[in-house]
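Two complexes are shown next, each including chain A; its partner changes from chain B in the first to chain C in the second.
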Partner chain A sequence: MNIVVAIKHIPSIADDLPVKGNNVDFDSVDFVLNEWDEHSIEQAVLIKEAVGGTVTVIGVDLIGELDNALHLALAKGADKVAKITADDPAADSHTQAKWLAEAVKGMGADMVFAGVQASNDIDGQIGAMIAAYLDMPYIGGTSAIEVSGSAATVSKEFPGGVGMKYSITLPFVAGVQSAPKPPRYAPVSKVRQMAQTATVEKIAPTGEASSGLAFKKMAPPVATGHAEMIEGSSKEVAAKIVELLKSKGLA
Partner chain B sequence: MSNDVFVITEHMDGKFSDVSFELVGKAKELAKAWGGQAVAVVVGSGIASNVFASDSTIHIDDAALSHFNPEAYGKVVEALVKERSPRLVMFGWTVTGMDMAAWLSARLGVACAAYVKNIGADLTMSCAAYGGKLTAEVAPEGGMAIAACLAGSFPVEAGQGSTAAVTMASPVDLNSLKMKFVEATKPAGGDVDITSQTKLVSIGRGIGGKENMELAEELAQKLGAVVSASRPVVDAGWLPRTRQVGKSGLKVKPKLYLMLGISGAPEHLEGMQSAELIIAVNTDKKAPIFNVAHYGATADLFEVAEAMVELL
Partner chain C sequence: MLTTIEKIIFIILALTSAGFTFHGFKVIIDSIRRGRPAPELKNVPLSLVKAAITVLFQRTIFKARKGLSAIHMGLFFGLITYAFVNLFDALEGLVPGFDLIYGGKHIPNAPTGLVNAFNLIADVMSIFLLIAITVFFARRFIAKDKALNYRENVLLNPKVKAGGQARDSLIVDVFVVMHVIAHVLSQAYRLTDGADPFMPFASFLNSIFGASQTGVHVAWWVSIGWVMFIIPYLSRSKHTHFFMSPINLGLAKQNPRGQLDPAIPLTMIEGQKFDPGAKHIHDLSWKRVLDSYACVQCNRCQDVCPANFYGRPLSPSALEVNKRYLLKDATFGSHPDRLLLPLTETVISPEAVWSCTTCYACVRVCPVGNEPMADIVDIRRRMLIDGYEIDSGVQNALQSLATNGNWMSKGKRLRGRWAKEMQFPVKNATEEPVEHLWFVGDTASFDERVIPNTKLVAQLFHQGGLDFGILYQSESNAGNDVRRVGEEGLFEQLVEQNMEAFGKAQFKQIVTTDPHSFNTLKNEYPQFGGTFEVKHYTVTLLKLIEEGKLTVKNKLANYKVTFHDPCYLGRYNGGFTAPRKLLELLGVEFVEMPRNCENSFCCGAGGGQIWMGKVAPGERPAENRIKEALSTFGEGAGDKTQLFIVTCPKDMIMYSDAVKTTGNEGRIEVRDIIQLVAEAVGVDEVVAAESISA
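And then the complex of A and B:
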């Protein structure tokens, strides 16, 4: 089983997100791995453990710092890693999807996984677009993927705990919402060891695509309302909340 | 290209989701401004589709479409959009819309905006990017666009009506699909129903670990509330799936929604923004939840929760 996992390096939303012009000021933000990529890596490694095969993790190196994430992926069980060397922090989802699709073409993938979404997917998610560019079917929001022979049984999540199962003939692309198990933790020592020994394949970006969107403005949301802030020490805050709840008959 | 607006509606067990009506309402407004029609598109089998206030409704009916199938639905929508060439195609940014919007964009080379909260008559779209921390205003460079809209962005009522649907056969062959629906699974019962609670103490990733859930339970008990959570808490296995609030969880409308360590991502807001009293405690003063909560405090959840337990 040949599984390719496409990951996305994105500005960390835990931090302040300064804006420059009509976009994020990419020079002053930390880039982190998209949260759902952890799940797609885990899902791929689980399949490999069940039926054998190779897991290749590939991403677009937007700011020259992707190696960390790739080493982490190796420590978590990936077999090979590759980066598309772009140095273009503003590359949109369409562009990244095109580059990834072109790179994946030669890899003979039975399945391509991506995270179900990323917080900067303003022009849509890369998984669905990789599928379109590779002319493979796409299914997103997956919570379990099991392979048997030339087909996979894929569980897709719907609201309220409803799930739907599909049988899909390989190859296909999945947008992983969650792996059937929480992503494993790789010890720092193992990540370090990978950093010293692993080779990261470098691939030049090929192909062109555009989101077709013009960015007119980027700014913190214009709040239609803002919470009335309760000030003071934590103890004072607690007292004020309790008081508020009592006044409304809620405590 | 026409001046029409297509809404790709969604349904489960024969019932349309609120977002479909929300989009139809908005589509009517835009189509009217452009001199086109708001067209509700129903892909499915044997569904009562005359429920929209659209200018017209198209029901593509085929037994192979009786359950959502991303491949089949995508191909049907693609064929229809190619043939009719509407100015705007609207999807919900939902578990079904997300399987089609960006895919269709790449297939057709038409611009797509996701996380859309609003659309202007000039097709400028406001998107809740970066977990809701920033709003991006984007506009398509070409004439046509696809908008994947967040649930809850427009009023439901404006889309409700009784326009008769025109039933059509599938425009594409559905016999050689690679993807086949197998079965649906329902959630396991037995747990409390968070949708019927009057008070919820809702916990986010800020709680840090399973060992801290006890504090949340203790606070909830003192308040006569039940503990609910954001998705990461459930994904980590600290609470069962039945307690999850949001897009892929449950929609709740309690009298009190006390949030500890939840950032307020669009997917969470979808499930709770109509709660009567929302109080949020978060260490990040820029957390998007403060734009939605009625009361907020920039404080440590552990300190506040412990102090509340003592006071109650």
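And then the complex of A and C:
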């Protein structure tokens, strides 16, 4: 079983997001791994542990700092890692999907996983676009993938507690919403050991694509109103709430 | 006295008994030696002598249960006396004419006074022993003291569950009673010339049973025969502690309490590769294996364990007892394979492993120098390496610590934000030299509930003319709790980051707000090259006041306060006096809670517990502590405000919560000591108004 996982580096929002011009100030922001990618790595490693195979993790290196995320993936159980040396922090998801598809093409993947979306652009398209470029079927929003032979059973969860299981023939591309188990913790000693011993394959970006979109303006949202906090002891607060309800004709 | 045939039987029996005893102790020593190397001990003979003195005066058992301890002391002296009694009994049997009765008058040139004194002591001790054994027997089998039980949810070896400990106790109880009675009888039967005033008990029995040569022989054989049986039996029972506890005390931890043993032994053994921490029992250091043989199975550690109090499935004594039974099954029994079962299946449940607050109370109270907490940390270490699924809250905290250097998922650059809101510039110690490098810590830097207090500390340092600075974004979590959660690699990474920051700074000493940071900076950073003077802010504040740099303007007589010793300041590092001295200088009415100083009760936050996503049901330690404070205050505070004083940012959060959840708002208020100092000293307007109201 040959599983390729595409991961994405995105600006961290642990700090206040610095804005420069009409985009993020990429020079003064830390980059972190997209949250959903932790799930797609976990999903891939779980399949490998169940049926064997290799997991290759690949990402676009936007600012030359992707290695950390790749070492982390290795510590969690990935076998090989590769990075597309783009050095373009503003590359949009269409462009990244094209580069990834070109790099994955020769890897003979049975499955390609991407996180279902990334919180920097909430575009949710990279997985689907890779599928299109590779001419493979795509299934998004997965909550569990089980492989047996050349077919997979994919679970999805819908609002209202409804679940659905799909049968799908390999190869395919999946947008992983969540792994069936919480992503495992990689102890730092293992990550550091990987950092010392692992080799990261470097791939030059090939191909071109564009979403045709341009950033117009980026700014923190302006608050238009505030919730009123009722101060005082619990008795006073309760009295005020009753008063309010009465004044609105609700009690 | 003995006939030749009896002598031959005696010698055969003695040799057999010695053989079994030798075998018993060889098995134990081999088992201990299979443990991993432990940190090197210095001057072992001296510590062994010290331990012998400690044992002689039974010093360590008086840390708890004073009444029972006194009786144990009687038992102990009784048994020591009986070691000599048995020696002389054997001589009386083997050496013709050797007889201690009537001041040893049958022995030529016997020192009569000495013999009489010995006879009297032995006779009185016999009575003492019988009383002591009766008390202990009654405690276990009649009063059924609950302290000897374990919670339902605690993992227990099946043999312990089936009452193995009670059986052991019963055998030894019966032995002591039979042995003592038989010995005294053997003396009583000898008294052919009536009462010996130095042997009142024996004389009393003599007045009932009279003198009899057959009696002497029978009683002698019962008395000595028991000894032949019991000595090899001891090596196979919980009473191995007779021999192992003194040794264990002599080999007890010499490093500071706040310094954990390394995850991988520093002493390498050629050709042997160690994984961090412990999965199997012999992954533990030999000292942790020895602990289980030294354990008295007294449950004192369980009594003081906050996790056990909280109803969690953790009992430090069950851990030691289970280790012991596991080893017994494997070495004396027929289950050597069980040594290869994970400790999490045989000695402590995973849930229990993750309930420990690393408060050190169990280690502190243990009369024989055991360290159950060290086992727990070692087991955590291996569980993390082996990919055990940990609590999601802990995982999030660790991941954030690895990327952001703090557990709160806050960006590094936000760490010093509170300082920018001060009315004076707070120096960046990486940019200009300072005298005091203030290591602020995560909670005090980021938590909105605590930041007002952080600002007060800064303000008072400033008013007191202290030359101080902080590291801003270069500070990382000090790693104390990271290490105690078992994430040794992350701990090392954090140490490296901080050491790099310290390297960029120029300072004379470090002052911390958080007792946890204080502990690791003081006790563990030296191993990584960080040898600096580290102080807790209570000490620094006290100094500022004592040197007159801050003056108490308003005495706070309107407060009735009690003080909670944080584990990592108090029990770990002995920081008991500075906070109490401060409170005294502030003029508050101070009352001490029953559990204070060394015996303080953990708030429940340490060892990573504050990160836990899941909160278990039951009365939490912090809630219990608030109740303890209230009952200490009693009813008569009058118009004084009752305050619960803390000196740890985590305590501020834990106890403020606990006051709310126990419905005691209005009766007691939680305050950091800095708030009182600020009120008494008076702080310059602007910041004070903002901080106190925030």
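Basically, the second predicted complex is superposed on the first by the 219 of 251 C-alpha atoms of A that agree within 3 Å, B and C clash if a C-alpha of one lies under 4 Å from a C-alpha of the other, contacts with A are read in each partner's own complex, and residues count from 1 in each chain.
Everything below uses one rule, namely that a residue touches a chain if its C-beta (ideal position, glycine included) is under 8 Å from a C-beta of that chain, and two chains touch if they have at least 3 such contacts.
In this text the structure is predicted, and so the values were computed from the model without any measurement.
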- prompt: Which holds for A:121: it touches chain B only (first), chain C only (second), both, or neither?
  reply: first
Field: chain B versus chain C as contact partner of A:30, first or second or both or neither
entry: second
Query: Which partner reaches more residues of chain A, chain B or chain C?
result: B
Message: Per the contact definition in the header, classify A:220: touching chain B only (first), chain C only (second), both, or neither.
response: first
Task: May I ask you to decide whether A:165 touches chain B, chain C, both, or neither, giving the answer as first, second, both or neither?
output: first
- request: Scan A:244 for contacts with chain B and chain C and give back first, second, both or neither.
  value: first
Task: Answer with first, second, both or neither: which of chain B and chain C does A:182 touch in the superposed model?
output: both
- prompt: Is there a shared patch on chain A that both chain B and chain C touch, and which residues make it up?
  reply: 14, 16, 182, 234
Message: Under the definition above, what is the set of chain A residues touching chain C in their complex?
response: 12, 14-16, 30, 32, 181-182, 184-185, 187-192, 234
Query: Which chain C residues qualify as touching chain A in the complex?
result: 276, 384-385, 387, 389-390, 392, 395, 398-400, 402-404, 409-414, 487-490, 492-493, 665
Field: Complex interface listing, chain B residues touching chain A
entry: 12, 67-71, 74, 94-95, 98-107, 109-115, 124, 127-142, 148, 177-188, 199, 223, 235-237, 241-242, 244, 247-250, 255-256, 258, 263, 265, 277-281, 284, 286, 288-300, 303-308, 310-312
Query: For chain A, which residues count as touching chain B in their complex?
result: 11, 13-14, 16-17, 19, 24, 93-94, 97, 116-117, 119-125, 128-129, 131-133, 137-141, 153, 155-169, 172, 175, 177-178, 182, 209-231, 234-235, 237-239, 241-242, 244-245, 248, 250-251
